[in-house]
Amino acid sequence: MPISLGELATQFGCELIGDPDVVVNGVASLSGAAPDSLSFLSNVALKDQLRTTKAGAVILRAADADASPVASLIHDDPYACYARMAAVVCPPAVVEPGIHASAVVAESARVADSAQIAANVVVGDRSVIGESVFLGPGTVVGPDCTVGDECRLIANVTLARSVVMGVRGILHPGVVIGADGFGNAMTPEGWVKVPQLGGVRIGDDVEIGANSTVDCGALDDTVIEDGVRIDNLCMIAHNVRIGAHTALAAMVGIAGSTTIGKRCLFAGKGGAVGHITVCDDVIVAARTFLSKDVVKPGTYAASFPATDAKSWARQLARFRRLGDLIDRVKKLEKGGD
Amino acid sequence: MPISLGELATQFGCELIGDPDVVVNGVASLSGAAPDSLSFLSNVALKDQLRTTKAGAVILRAADADASPVASLIHDDPYACYARMAAVVCPPAVVEPGIHASAVVAESARVADSAQIAANVVVGDRSVIGESVFLGPGTVVGPDCTVGDECRLIANVTLARSVVMGVRGILHPGVVIGADGFGNAMTPEGWVKVPQLGGVRIGDDVEIGANSTVDCGALDDTVIEDGVRIDNLCMIAHNVRIGAHTALAAMVGIAGSTTIGKRCLFAGKGGAVGHITVCDDVIVAARTFLSKDVVKPGTYAASFPATDAKSWARQLARFRRLGDLIDRVKKLEKGGD
Amino acid sequence: MPISLGELATQFGCELIGDPDVVVNGVASLSGAAPDSLSFLSNVALKDQLRTTKAGAVILRAADADASPVASLIHDDPYACYARMAAVVCPPAVVEPGIHASAVVAESARVADSAQIAANVVVGDRSVIGESVFLGPGTVVGPDCTVGDECRLIANVTLARSVVMGVRGILHPGVVIGADGFGNAMTPEGWVKVPQLGGVRIGDDVEIGANSTVDCGALDDTVIEDGVRIDNLCMIAHNVRIGAHTALAAMVGIAGSTTIGKRCLFAGKGGAVGHITVCDDVIVAARTFLSKDVVKPGTYAASFPATDAKSWARQLARFRRLGDLIDRVKKLEKGGD
């Protein structure tokens, strides 16, 4: 959407150095930008690219403005400012109210007039679809769900049943919310399924990546608090609670009944075992799992980065012979007595 | 579904201490229970919650009955008994026979009159849908599949082709069964796809979690035996066999042509490499993978729980210098000669 | 499809030892083959099975022909030759041109006459579907996508938007391409979504396994080059580039902005952190992740295979006391001075 630098500066509280009437109509990286592109400099390692950019304007810190050959929008946090401006310059697809002829909506469901229900969507009994919601093609909303205003379920999303979403949520394709948790009781005749009867409660402004799953609770609800961000192929088990503004990168798994605090960060393939409590402001490194309660904010790690395979084989052999080494040291200690 | 304590005691072989005419109509945890709720005490750590519960009745062991302020249903295994009673008190949705107008069923397919084919379901050529089956919205059953009586495919499930399921199976949303295995032959011109021509055979009483995948066999079938439980986002590769009553927690991966025994348990993110055989009654710890045949029942592990990142960095550095340490000990040993 | 050994030998450049008029009409393993089956011997460990096979013909190396009791098709690479012949003997389902009545195709989309659009497919605005493409049931092609000639999207696949696929690609059920990357800027008010505006470009002859995800780029495109093979439940983050003929086994994750070279192999659950560059011809062992640039072709590893849990507990304790051991050796060294 075309917008002038003057309007952007006013709307987002930036100082503008340059012509307020210049119009941008797209966003781009510094090196890929054209004269109608808005760009940004956040990582100072890219400052060289700033000097030669052809962007219409660059969002940057005051300290970097001197190096800009083009108009500058000054902001203390150029990346966050860029994120907000980009949503204006390149807005998401407009919701086109109405229910597609191929969609199947239960009689007992309630769909706001301003919502868009796309082709082949199914909405189940007693579910409520809020204002300006977008239910993308192939999406299935099971019974007893609530989808808050302005949520977007992109395509082929499944809310199994009893899922309550706050406002402005985004669920990417293939996401499954509210499927049964993994509850089984062993008996002499084999596993007996433990009925999973809770639901899922999702706060406002939550985004969940493609093919991630959030199971319903066994008796109580699984809870995702406001502002949580979950990447692709993550697994949130039954009765988990994820604190507000926590972010989980791809392929993270949180096992059943675990509580994760607010503003935590899990890097890719990280996770936590079940039935533990993790305090606020915990960072978990890539491929690291928490095995017990965490009561102290900070960064936690336990992974081995790759090395060449021959060195690794030697290293693994040494590791396995640690007991021998300890015995040898003991022997030396005795000999030295 | 409302049911009296007397009926429950009779149906499930419990001793009842209390009024047989009291009716329960839901289940709940000890602390969350109302007077019409059935609850249970399995984990003795929760015994304090028993003393103050407001449940209509509690399933518990004889030894705990004295502490119950309400009616008691006595059972040696309260959790399994609860699982079975909960399925009666809170039964799954009733199957409503019929084929939705929006479903597309191939002429050569056979669908039992008692089956429910929901909105936007597709059933392919020559497939057979058994009695009281539920095919949920958006589910695709490809050609040459058999779905046994009373199976429930919740929503957006895909059986690609040549999948044979026994009775009473449950497939959660996003599950994909029978997609091609990962078979590729390297040539000077690049990879050549190896046609994947086998099917998948699934036994009775198998439950598979959201977004898990079970590939078809290359030539023979991939096999999931009776009573297997698979959690979300698991991967079962081509030509794997999973023994009866084995349970795989979330994000477990079993590589191609591996055979897993009966009653094995894999914790989250565990797995096994390809072309190995694992005996019955093997337990695999979280994030642990089996790299060779296992012939002895028992528990296997190999994972490092998280520690604070600074300690981990030191620990990792020590690990990498193990060779130096061994050399130093050798030198000491020589010096001591 | 029935075909004579003579035709196979001619078409694929094999020497035939045996009757050229014998017809095969299926493929099978050596031990499972019937007289109308084509089989192969690639792994010499199976040579015993060759001696008793009942196959109509066996593809094998010249050196193994003496041991064959049946007709032999001689080839230097029997597995690759088998892969190619099997695709002729057991061809994939024929594409039946036409758009199913239940499919919903945008007016601005273009679908080749030879393409098959199956039941409940949705094709979005301005998307282009090439010659002989198969869009399987439940597949959603969002706006601004191009699906090259002869691609097969098996079922319930989602191309979110702006995905360009080359020719002959195969996407298995549940695959999601072009969903938003995980871009978030932290602010005092919580995460701000960074609009994901790039697309995904996929080369020719790419196959992607069930429930894998490839995110769109933030500004530029995510790129999968020609001939890449990706197994199930893999995650390719935004702005990644995967080099030609690289293969990723199941559950591999490649974090954002990383470039992987050509002809690399990642074993199951392997991966790479973000913002690194990996050269051509790198092999990554199971459950191993690359944490920095790789400039030298070769094999990289860093995983611990399972051991029995008691031994592991001891080993883990020894590992944690490495600092003590080093101190003790230091003390011995000092004492020995």
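So that you can tell them apart, the chains are marked A, B and C in the order they are listed, and the count of residues begins at 1 in each.
The definition used in the following text is that contacts are C-beta pairs under 8 Å (C-beta built on N, C-alpha and C of every residue); 3 or more make two chains touch, one makes a residue touch a chain.
Since the model is a prediction, treat every value here as computed from it, not as a measurement.
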Task = Please check whether dropping subunit B from consideration leaves the other chains as one piece, and if not, give the groups.
result = one piece
Ask   = If you list every residue number at the subunit B and subunit C contact, are more than half found on both copies (same) or fewer than half (different)?
value = different
Inquiry  = Using mean CA coordinates as chain centres, what's the gap between subunit B and subunit C in Å?
reply    = 26
Query = When you check subunit B against every other chain, which residues touch at least two of them?
reply = 102, 120, 138, 156, 174, 211, 233, 251, 303-304, 319, 322, 325, 329, 332, 336
Note = Counting only contacts in the complex, subunit B reaches subunit A at residues 27-29, 32, 77, 79-80, 82-84, 86-87, 90, 92-93, 100, 102, 118-120, 136-138, 154-156, 170, 172-174, 205, 207, 209-211, 226-227, 229, 231-233, 244-245, 247, 249-251, 268-269, 286-287, 303-309, 312-313, 316, 319-320, 322-323, 325-326, 329, 332-333, 336
Inquiry  = Going by the contact rule set out above, which residues of subunit B touch subunit C in the complex?
reply    = 102, 104, 120, 122, 124, 138, 140, 142-143, 156, 158, 160, 174, 176, 179-180, 182-187, 190-195, 197, 211, 213, 215, 219-220, 233, 235, 237, 251, 253, 255, 271, 273, 283-285, 288-292, 296, 298-304, 314-315, 318-319, 322, 325, 328-329, 332, 335-336
